[in-house]
Amino acid sequence: MTPSGSEAGTAEHAHHGYMSDKDAYLRRLKRIEGQARGISRMVEEESYCIDILTQVSALTSALRAVAVELVDDHLMHCVLDAAKSSDDSVVEAKVKEASDVVARLLRS
Amino acid sequence: MTPSGSEAGTAEHAHHGYMSDKDAYLRRLKRIEGQARGISRMVEEESYCIDILTQVSALTSALRAVAVELVDDHLMHCVLDAAKSSDDSVVEAKVKEASDVVARLLRS
Amino acid sequence: MTPSGSEAGTAEHAHHGYMSDKDAYLRRLKRIEGQARGISRMVEEESYCIDILTQVSALTSALRAVAVELVDDHLMHCVLDAAKSSDDSVVEAKVKEASDVVARLLRS
Amino acid sequence: MTPSGSEAGTAEHAHHGYMSDKDAYLRRLKRIEGQARGISRMVEEESYCIDILTQVSALTSALRAVAVELVDDHLMHCVLDAAKSSDDSVVEAKVKEASDVVARLLRS
């Protein structure tokens, strides 16, 4: 599954499309964690439902945006790397897997 | 429906529809926080994109389900209480506010 | 649009919040019909999947926008009129019904 | 891109993934057209907003389901065929295009 050969040990990760942006993803996900904690706290403090729902919308949008970017990175790196260098059955498995995850996202 | 006791009569947050289920909401939101933390950790540990996206779907669905329930509680408690006992301009403001938050949720 | 009183025959409709904008809704829905027909035709003519999916997105967004507006009109007219003039059990039934339809929309 | 006739071998639309199921797609899209027409008619006849919104939800779900299937067919046929037989720049363009349409769908 390694596209370029000489990798060993941590080779697996070389395929993970988001890695180049790992820090950017981590920052966004830390913010998302913070938003989730904030919503818990609002309920704890008995904030007004409308304000809580506004934060739930914002968190849903933030998650959606991360999903859009992760799908793009996955397709443009993991799937594309496989397409360039793997045999057909590997590519087919990767594409099916991507299609299934997109279906889950569209239904969520 | 007052959570903390000493409030009088029309205490502001006596209207917060979710209060009866506050503990249930808190449990769900703690789980949601845990899901958000789990996704950060997966990126930190460079998990496979597809597995991360599957967790993003699950978290989005969990948030959607909380939103559905909060909207129901808000309408069935805050808005309905206002409809029963407040003057028209208060009811109108509450209904407009609910409509706006539903619009935000539908677009998120 | 009067909720109470002397209505007969077509009285039912008087409560329907979208009626003031009926023509605007009809124009939007005719466009939506046209978009749906266009998608069928694209499949008939074997257009490129990506172009079809782009049209499916556009149609979904158009429907979402109509739903947002219909919910607003319904809450601000039907529900509000009931809140102002009907007895509690009627208002409660209307609010429950609105909450249920919002839940269906959020899950669709 | 013409659906019939004289194309040879790798005819452009041999790649259109949905073609094997063209009739099934057409039947579903005809139903979707019928649903859209039905919603127009409900507004024309001034049906109850809640009933209209229920139909809008049903139509949105039906569109979502078609989108999920079209994405799968596109990835599993058009993209996969390109991955197997085209040069890298073609595959890359196809994958980017698929990613972009998924982003549009997730935001719709």
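We just call them A, B, C and D in the order they show up, numbering each chain from 1.
We adopt the following convention: a residue touches a chain if its C-beta (ideal position, glycine included) is under 8 Å from a C-beta of that chain, and two chains touch if they have at least 3 such contacts.
Just so we're clear, the structure is a prediction, and the values are computed from it rather than from any experiment.
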Item to check | Farthest chain relative to chain C (centres taken as mean CA coordinates) | outcome: A
Checklist entry - Any idea how many Å lie between the Cα centroids of chain B and chain C? => result 24
Checklist outcome for this item: Whole-angstrom distance, CA centroid of chain A to CA centroid of chain C, is 34
Item to check | Sequence positions of chain B contacting 2 or more other chains | outcome: 64, 67, 71, 98, 105, 107
Next on the checklist: Chains as vertices, touching pairs as edges: which of line, ring, star, complete or other describes this one?
Outcome noted: ring
Next on the checklist: Show me the residue ranges of chain C that touch chain B in the complex, using the header's touch definition.
Outcome noted: 64, 67-68, 71-72, 75-76, 79-80, 82-84, 88, 91-92, 95-96, 98-99, 102-103, 105-107
Checklist entry - Hey, which residues of chain A end up touching chain B in the complex? => result 13, 16-19, 22, 25-26, 29-30, 32-33, 35-37, 39-40, 43-44, 46-50, 52-54, 56-61, 63-64, 66-67, 70-71, 73-74, 78, 97-98, 101, 104-105, 107-108
